[in-house]
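Shared between the two complexes below is chain A, which pairs with chain B and chain C, respectively.
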Partner chain A sequence: MSLDYVKFTPGFGKFMPKEYRDMVEHGPFGKKVSVSQVGTFKEILEEHPMCAGCAMTLFIRLAMVAFPNPEDTITVGTAGCGRLAISQAAIPFVYGNYGDQNGVASGLTRGLRLRFGDKPKDVVVMAGDGGMADIGFAQTLHSWFRKEKFTTIMLDNEVYGNTGGQESGMTNRNQVLKMAPLGKKFEKMDMLGMAKVAGCAYVATVVPNNPRRVESVIKKAVLVAREIGPSYIQAYTSCNIEYAIPTDKVLEDAKTVETDRYKFTEYITDEAKEYLSQLYGYKEYLPKPAAAVEKQ
Partner chain B sequence: MSEGLETEVKTNPQGDPITSAAPAPSSQGGRQDPHAEAKRQQEVSPEYMFFEAPREREFITGSEAAKEAVRRSNVDLSIAYPITPQSETMQLIGVLYGEGYVKEYYRGEEEYGVMSAIAGGSRAGVRCFTATAGPGTLRGLEPIASWPGHRLPAVAMFTCRVVNAPLAIQPDNIEVSYLLNCGMIVFHAENQQDLFDYIMKGFIISEKNDVTLPVGVCCDGFFVTHARGYCSMQDRGLKLPERDSWRGAVPVLDAENPPARLSRDAPVQKSNFMAYNIHAVWQQEVWAAVERSRKYIDQYMGGLIETKDVEDADVLLIASGSAAAQSREAIRMCKDKGIHAGLIKVKSLRPFPTRELRQLCAKAKLIVVPEFNYVGWLAKDVATAIYGYSKAKIVAGPHVYGGMSMPVEMIFDEIECGLTGKKSATVPSSAIMGAVDQEAVAHFMQNI
Partner chain C sequence: MYLVANIETEICAATSCKLCTQYCPEANTILYDNEAGQDKGLKYGSAYVAVDRCKGCAQCVWVCDNMAKHNAIKMEMIDQIGDTALTENVTYGEKTSSAVLANPVRGQV
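And now, the complex of A and B:
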């Protein structure tokens, strides 16, 4: 049904802007696309006003390629750099108030489930570290404790980028930034630990310089949130402006940070493993054959 | 409901409210479907529901009246968070959820989260209801104030209480003044019956295509929420038609419509900056939608105001909420003492009945505006509306606040002082507009 909205009313196609026609004819809606095909189809996020070399934009672009059903996906965000790009995408985006994203997504998800039942309508929150760990902290944690079925993605640039480089809860200790003139005085908040404690069924960390991995975790997170429970992805998406990373060194930085303190981690509950293997053929989560033999 | 049963349950103040889940008749053994009665509800048109359906009168609290309104309103999603004196209302909505009358319900984390989730639910295209009070209203005010701009139909009930420090839970409707400038529609219920009617009619008005705005239904906490009054209600087997989300002025975000890209298609935003002219136009449109709701308020609620004995009255009391209830008694007292006083009850604060007041106040000699708050937000609106259209002296008072009650005599004294020129015991001369010390009035207008 929803695929209809990306088709033209008969007779109107030729009057539509070229960009819109390209989206209908060469966009990812209703098709299976992957990051390895980027360049062969029209992406749902192309133009954006982000800074040159922005790793966050690369991540958002990859994440949107990875959405399993882009035509049935609604993104929710809050103030911050990320929404400047997310709001340019050709899928609906809710930009509400400061830090309200996980509250809005709770109502939105429940409302859509009332109207559409089992038909997947994927709600994906994408917000920054400040919006999620600071001002939106209570709503983020409570949505997880309530087991709200949507995906939460933190665009963690470890700083308030959009307001000009202030310390956030996700900034590393001792880092000197605006509003932290003597260096941050406490540790980076352990949102991954909190996500697990609060009951997320799938939790992962990624950096954007491994597109296939980004694609893989996003797909899993969105699928798990459909049926099993909340999922959380924390992505290191450096701010090359506030952290003075040369534009051509952004991915190098991501690699270094990944090796140093942002290693790929994945946490998945047994229930989510079973669901992914049974319904979506994820072989990696099938019970080990050897163990099965032992049981017999 | 039979008289006998009503009387029996009414006299059980410690028991469940009379409108809570009644045990289903178990003529046959085995488990009963708790949703059976809700499933049998029949949808009827708003016109039939409001004007034709037979009603029966019950003696219930305001919270119970709100519950009964929601039962008949085909509500999809309701989100609760406790705060006195609203708590009972939202826990009764929880009973409705248990009975299947409300499809989805949960207790939120706090009011900011609740009001945000209501925004999400409304965007999903479902009918949403919540209620809060006092500090909860202010905590939720950022999302509430953004509902109109996002064009989100919903009904929120505000059971007014003190918000200022030192903290108290007493009746005081100062919070209404914060809601008046949000761009939402604001009704003020006098009693349990109003609460029942305004909530149901609020949903229908809120969802009209040329309105598409949230409706706030205010009442004075405790006086209305906890006290009992008579409420005429349609059969509980009837309900309003469900929300038709396709009718909204803006598309709901259900991925069934072409997405409106905030940054490029509106174009409301470019880069980091709002195009000021686009934002200005958007605000104008929100307030134009408030204006357009007038015809529906006329149609379903019989107008923005209600009058009593205003014909040729020398004195007019203009009041909303519980102050209107006390004013009714005051005009009766006036009648006993040979003073011809009338009452204009303001039902809708936004849109404000400017045209109606100009017409009705043209010949009045004295206007008294009693209020349950310190600042006198209604008096200020009244004075602004009728300036140049009436030569009446306007008394911005009496005011009670912080939990004080308003004895009828207090209103009567203001009428007497206003007519005779005697100095008021409670209203300062600076709060009396017209035919008095203009400098003092200017001071009042600047300081409320």
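And now, the complex of A and C:
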């Protein structure tokens, strides 16, 4: 886990596939890249079998660009659509049993700290709403209560997409799905509220129709998890297959849903604000100057 | 045969908003050539599609038509498209990339 692991063994470079050479020579490792530069450098995400036009794919792509230090990042995932792409990137990916991801990430984060001390190694969990809010619920909440220092990202497509359309805890009430023909009987779970109660230091909701915002929240969440505590991002990443959204209308849907019920929200503790402003120059979190006393 | 996205350099290079590159769900697919169109006096460079990676979702068309309002992207049949970019012909440089165009079906450069 360092810049060295992406380099070629001397003499072997010329035998490597073009994509690999491009990644080593023109990838984001050891540089600062941003979403506004995509198309001019080689992204670490490769081809994968997720559906054409899937918003989750777009979100994962943006997340991979946003990682502050990709050469020092490990992703953790589980069964579900997202792992089909997350596993096809040039950074290590750990695949737990379905729902185990936050337990695996807890152990991994602790192990990395023992091995590398304070040198930051970023652990980022990305898993579906079913894997996180249903099957992996206990492990997700426990990792937060235990203040495990890694980032948890929910790829919230509001359905079990990979297995053909069962409702999840994150599906909206009354939603009819292929395998929920009578409609869901209870409300969407408030995972954001639970993240705050359980002690996450940074919590945000985001929709991928705003790439720079996705980039910004991911950077902050990863940085906060290095030192301050757990961070949680909940991203609306529609499933165009199970919700029958034509692929050229996926971004229109994202915009409508964002306006309607998935507005951008950000919660950040004072400690995390201070840390981001002091160490990483986030001006927005600098203490506001005291309001000028009104003249009598 | 199937549809892939094709970007009209002359329209794109006249404005260059770089929006579609940020919204394509596939990585390394809509790339950017800072020098494209300069031979025609257009100064901004143009986006282009590595069609072997394009899954034909047409999200970029929606972005260019509705967000950028430039209407520079059309979906075209892969065997009708003429010469276009393919990953194997893409070269990355300092803050740009470029492609030698080739026929995606016959593959000759």
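As a convention for this text, the second predicted complex is superposed on the first by the 286 of 296 C-alpha atoms of A that agree within 3 Å, B and C clash if a C-alpha of one lies under 4 Å from a C-alpha of the other, contacts with A are read in each partner's own complex, and residues count from 1 in each chain.
Criterion: a contact is a pair of C-beta atoms (placed from the backbone, for glycine too) under 8 Å apart; a residue touches a chain by one contact, two chains touch by 3 or more.
Just so it is clear, the model here is predicted, and its values are computed rather than measured.
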item	value
Clash-or-fit label for the pair chain B, chain C on chain A	fit
Touching partner for A:Pro10 - first (chain B), second (chain C), both, neither	neither
Touching partner for A:His26 - first (chain B), second (chain C), both, neither	second
Which superposed partner A:Asp248 touches (first chain B, second chain C, both, neither)	second
First, second, both or neither for A:Ser106, with chain B first and chain C second	first
First, second, both or neither for A:Ala55, with chain B first and chain C second	second
Chain B versus chain C as contact partner of A:Pro181, first or second or both or neither	neither
First (chain B), second (chain C), both or neither touched by A:Asn97	first
Superposed arrangement, angle subtended at the Cα centre of chain A by chain B and chain C, nearest 10 degrees	130
Superposed arrangement (fit on chain A Cα atoms) - minimum chain B/chain C Cα distance in Å	15
Residues on chain A lying within both footprints (that of chain B and that of chain C)	47
Chain B residues within the chain A interface of the complex	76-77, 79, 103-104, 106, 108-110, 112-126, 128, 142-143, 146, 150, 245, 253-264, 269-272
Complex interface listing, chain A residues touching chain B	1-2, 4-6, 47, 49, 71-74, 76, 84, 87-98, 100, 103-112, 114-116, 121, 138-139, 142, 146, 162
Chain A partner contacts - residues on chain C that touch it in the complex	18, 21-28, 30-32, 34, 47, 53, 55-59, 61-63, 66-67, 87-88, 90, 92, 95-97
Touching residues (chain side chain A, partner chain C) in the complex	18-19, 22, 25-26, 35-47, 50, 52-55, 57-58, 61-62, 64, 209, 211-212, 247-252
